[in-house]
Amino acid sequence: MIDFTLSGKDQEVLDYIRSEALVARKYARHYDENEHEFPPDELPEAVNFPGAFAVMGKLGPEDSGPVVLGMLITAGQTWGDYSVRMRRGRGVGLGNAALAASGSAEQKAKWGGLLLSMAITEPGCGSDPSLVQTSAVLDQTTNEWVVNGEKIFVTTGCRAEGAVVWATLDKSAGRAGIKSFFIPKTAPGFIVSHKEKKLGIRADDTAAYVFKDCRIPRDHLLGGKEEIPKGSSGGFRDVMKTFNMTRPMTAAFGLGMSQAALDFTRERLEAAGVDLAYGAGIHGKSAAADRFQRLEALQEAAMLTVLNAAWLSQNGKPNNLEASISKAKGGGAVREITQGCIDLLGPLGVSREHLVEKWFRDVRITDIYEGTGQIQRLIIARTILDYGRGELK
Amino acid sequence: MIDFTLSGKDQEVLDYIRSEALVARKYARHYDENEHEFPPDELPEAVNFPGAFAVMGKLGPEDSGPVVLGMLITAGQTWGDYSVRMRRGRGVGLGNAALAASGSAEQKAKWGGLLLSMAITEPGCGSDPSLVQTSAVLDQTTNEWVVNGEKIFVTTGCRAEGAVVWATLDKSAGRAGIKSFFIPKTAPGFIVSHKEKKLGIRADDTAAYVFKDCRIPRDHLLGGKEEIPKGSSGGFRDVMKTFNMTRPMTAAFGLGMSQAALDFTRERLEAAGVDLAYGAGIHGKSAAADRFQRLEALQEAAMLTVLNAAWLSQNGKPNNLEASISKAKGGGAVREITQGCIDLLGPLGVSREHLVEKWFRDVRITDIYEGTGQIQRLIIARTILDYGRGELK
Amino acid sequence: MISFGPSEEQELIRNSLRDFAARVLRPAARAADEASELPAGFLDQSWELGLTATQLPAALGGGGEARSPVTNALVLEELAGGDAALALAATAPSAFAFAIADHGTAEQQKRLLPRYCGSRFASGAIAWVEPSPVFDPIALATVAEAKGDKFLLSGKKRFVVMGDRADELLVIARNASSAVGGFAALDAFVVPRGAAGLTIGEREKLLGLKALPAVSLTLDRVEVPAANRLGGERGIDARRLLASSRAASGALLTGLARAVMEFAIPYAKDRHAFGEAIAQKQAIAFNLADMRIETDAMRWLVWKAASFLEHGRDATREAHQAFGYAAERAVKISDDGVQVLGGHGFIREHPVEMWYRHARTLSVLDTVAAL
Amino acid sequence: MISFGPSEEQELIRNSLRDFAARVLRPAARAADEASELPAGFLDQSWELGLTATQLPAALGGGGEARSPVTNALVLEELAGGDAALALAATAPSAFAFAIADHGTAEQQKRLLPRYCGSRFASGAIAWVEPSPVFDPIALATVAEAKGDKFLLSGKKRFVVMGDRADELLVIARNASSAVGGFAALDAFVVPRGAAGLTIGEREKLLGLKALPAVSLTLDRVEVPAANRLGGERGIDARRLLASSRAASGALLTGLARAVMEFAIPYAKDRHAFGEAIAQKQAIAFNLADMRIETDAMRWLVWKAASFLEHGRDATREAHQAFGYAAERAVKISDDGVQVLGGHGFIREHPVEMWYRHARTLSVLDTVAAL
């Protein structure tokens, strides 16, 4: 039955997340201005906090369910800060998701407990993974893979204990030749070259790796399939699976921050006497109310596409199209919303004494990583037009 | 020297055009509601009007010049109505422009005095002229061209005395095979199949032609070049020339109507007590003023791109890029402006008791004919990227 | 609990109405628009769907099913997918009857609703819009003055949907006695067609929705008994009345936008230029992708507002968003639809130019329907 | 006469400044932004361009050329094409001096302008912005009370460009004695740095334009002689002062947007994905086309406002349009520039993310420069 109201439990969990977010927010500016530091795994205040799972307990049929609620929790956390969280669990890196998606049972057991980063992008390839240049060559004598190449934009790259790395066994084979390898930081020739300096999410650990004759045991190839399937893009599909769950999630990251910008703007404008009440038509309101309300509608619209993608996966329905819709919509919405809030706040909005300018910078990554808005639209268009990559490039 | 003020003469001419436009506007609704009728060549009131050229007299160095002023005059005329004009001259059809561009001296002398339509588009080809299916085959025995095919969207197609028709001598030759022919309405097999029923500019004479074994003398091929140049797109470039002057002009057509919508909206809102004065920042105005002022800025921006394209051609400078810029900008602006005026007027804006809803319909053609906004952006992008059609399709 | 899943029953209703829209509304739409007339027999045919009676109390002859704004959102989207003008005509009785059911006293319901449970089309109309260039639905010029046990209504109304044939009108007015303005001052009165001082003006000529009969009204000190003040002493919940109406327009606009998208996609695959289908051009393909993104977003906003109404919660904000967002996007989508068709989009052979007119017209009318 | 043709002299100025921007501003911009400091020696180096003195009266030691807002629009666009923060720093003295030249009495010009004609960088700053979330440049909280032959200034100011080193400030305030509000109530006062009651606050920390020094001010009943009221008895032409300032911001934003476009075009041709240059994708190519369309439109709007100012005509509307339009488009273009670069657009190795911050910052500041 179609329903858009929250259960008591839903609300209770989100209220708790808000209390965590308010603590994290105290640290937001510090780690933005001091990007060389890493936020601690646990904030001092966290000691006495029960944590979301404890508060959630067992969800009942009247609650919104783990995936949908998970999206609201995610947005609730970034509402506080993107990079600073009350607690950072282990084994929650993007690399862990990749391991879970394509690793063997034994591999999962062995490395699942480590914090793993995901190293895909290279200086020469952005959204096109088939351009991967990092190579893995098998040394028959030692039964080791010898990996060479460069990776950039590696999330949690500095702090990770190991990385899941995309490398090709045969460049001429294109996508089909790409395999995922687990490489521990301890492997010889694994070099963390630098931490990226970014527009936003500065406190976030984003690294660049270099692999110089980096040697790893033969069994470090995820899934273990060494042969290159002919014709089809082969194992690449599995590799791509990793993304299907993360698109609505990344949109939710951004929307938590754009919501924060809206809430701050409303608070300031109302304190200054601006009436933002809903109801009147265009001729019953101020320019500020008109613009603010349009931004709030955009926020709501984008968040609902995220919840729809989540609800589908929660109910075991295919959501590849809807995941891309939520990512495309969210990526654009957060840009427009944070830009618009600054229009409304004026000079105050661009001062670093407030967090709005930071949210404006932090959300900008939303439309870029995990597939840009352009990539998402390609996926959407191909789906609704029933086209393959050959027909729509 | 950079200057954006009008000379006394400029203003005088535009004031006169406004007086004509106010008369034409009286007839606007009638011919919109009765699309089967044609507006008269001369309105009764026109008898005592001197006409723009008489008022203009000889322009001096302090005046804006014929091409720039011509754009302002054009917009001033459609401000009254797109289809109804005080006077309709002869020899001013699009076909006449084509004849002027590619006809021989003799051909110009012979047919220049007639009102000529331009028949390019076919049911199967929109913006891609290389798909032209209408064929012209030379009958050696009678030295006649035998033309067969269908043409649609022919402006002034019913009233024209003849048409300049694009037909191919050899479909396999693509663009290079396309030639322009003069075909008088009197030619056997020239059938005016129907007048198109349209969203807007309903009073405008837009016809569909059918050519059934239509025979014309051999010398009716414009320019006379019968051979098909190899490789290059050949005579096609000449054929395309026709468009270079008309893009800013069509943008001006639309902008005259969007200006009319803005003027009507301002009048109604101010009469109702809405303050539309400029000066205050976003927090000093109403939603209506904010939206209206943004629409006015858009109108101004678009009109200036038109004037820039006109000024360049007036000064003998290349303006192919700027002509496309003005067409792309104008085509989008008039849609947004007329849509926005209706938002501001509410229900009143969609009532046929006022002309705003008509302007909303009439301007919609601007972004379609003479090359859609997409086609213009292709031209602009190829120019700034220094790409050929092969590199950017 | 947040859920995007229609019930099985709602799925059935949605499918049968999608079929009805395709069989009855879509084929008749163009001729009706050109003729500015409803297709003969259309109202009786749509009446048989029982859209109004189903959700009226069984005791009064109705279907006795619970009022469901969510179900009605599904209904309106499907009907508008066929044609928005005909969808509004078919559901005009619901707009009137649901207002009585939601806001009327037991006596008023008993007196007024049975007609809407009968086998023949019953016409009621809502008179809310006024002839002002700065019209605002919660700041009305039409006033109701209390006079003993009567009210005197004076003012002008416009765009009264189906007002030409309505036996009774629900006139929204500002209560002259109300100190505060805004929602709190709004009242609704049932006015019989024959009332002295009520003049039904000529038929409105519109940009779009031409097939839909709408008229203007003049009320010159029209006397109505206090018993006709909807909700009696306590009056109406004006926030709910407006929210229901705005969300309904949002649902119609969503169906309209979806129709454009579903027409444009096969057209763009079929139409060739420069050696390939125009759908293979990123500019067109991304445009179609945006149509899909936005029709989804429009629908979810409408569903959220409908869900709030169904739970009896204040939906002022949600409905405002649903209508405002849908209005902007429906105009954009239908405008882009015209552009995808190019010259053919400007010709009345194809439905897209009509949808562009429908969208632009409906998107300034947020007080003509109900969930 | 409508003309888009710069004079030969203007062409020369434009070319030399384009060269200066490329040689001096662009290479220093990133380091200056990261350090939040102006490059050493930059102010003296830019002072040698004589941007301020050229248009000041010869009698006072200036170049004696006519004030030309149009020429200055060309200057600001070119400088901002190098870097907007450094452009604002370099032209801050002009903003102060041109205000004196345009609005000051003969005595005030004689007293204040010679410093701006000298060989050493002279610093004056304009204090207009106030710390309010609903700041409106023509509705100020800072007031000037007449007291005998003096005025008492009280209020708070923000984002005073170059206020950290200014020897004198032009403080815009509302004349307490003015019955009407708006433009008519605005006055400007020359306040020396050392004035009692004037507190220069700490340096502003901004989103963008980090290299540009800007401070907050507090005025606590600061006493200034009537002789320091700009324009003396008649005061200032506030419409002109604001129009000049808004059009100037528009010119800077145009240069900024052009920089993004000129960086994105070769990048998109060079960058390959899915087997071709990304510039060959319609989505990217059309985006670049729109950058070109809009930078043209922005420039013409700025030129029109400048032309009106040059003719001594009221340019309130034109400047409002030039700034408002440029502000929206510059943010959009720099935002799209980041998108064209993808991940690289988010990294501080490339200038685009800085331009996005510059554009968003400058587009809420319409009272910090002058033509």
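Couple of notes before you dig in:
In order of appearance the chains are A, B, C and D, and numbering begins at 1 in each one.
We take it that a residue touches a chain if its C-beta (ideal position, glycine included) is under 8 Å from a C-beta of that chain, and two chains touch if they have at least 3 such contacts.
A quick note: this is a predicted structure, and the numbers were derived from the prediction, not measured.
Judged by contacting C-beta pairs, the busier of the interfaces B-C and B-D is B-D.
Each chain gets a centre from the mean of its Cα atoms; the one farthest from the centre of subunit D is C. Separation between the centroids of subunit C and subunit D, computed from CA atoms only, is 50 Å. Averaging C-alpha coordinates per chain places the centre of subunit B 40 Å away from that of subunit D.
Annotation: 49 Å between the Cα-based centres of subunit A and subunit B. Shown for subunit C are the residues in touch with two or more other chains, namely 134-135, 281-283, 286. Among the residues of subunit B, those in touch with two or more other chains are 274, 281-283, 288, 343, 346, 374, 377, 393. On the side of subunit D, the complex with subunit A involves touching residues 129, 131-135, 158-159, 204-208, 271-275, 281, 283-284, 331, 335, 338-339, 342-349, 353, 356-357, 360-361, 363-365.
In the complex of the two chains, the subunit A residues touching subunit B come out as 274, 281-283, 285-291, 343-344, 346.
The touching residues of subunit C, counted against subunit A in their complex, run 1-7, 10, 70, 134-139, 182-183, 239, 242, 265, 268-269, 277, 279-280, 282, 285-286, 288-290, 292-293, 296-298, 300-301, 303-304, 306-308, 311, 313, 316-318, 320-321, 324-325, 328, 366.
Interface residues of subunit B, counted against subunit C in their complex, comprise 121, 125-128, 130-131, 152-153, 196-200, 268-269, 271-274, 288, 335, 339, 342-343, 345-353, 357, 360-361, 364-365, 367-369, 372-374, 377, 393.
Listing the residues of subunit A that touch subunit C in their complex gives 1-7, 10, 61-65, 68, 278-284, 293-294, 296-298, 300-302, 304-305, 307-308, 311-312, 315, 322, 325, 328-329, 374, 377-378, 380-381, 384-385, 387, 391-393.
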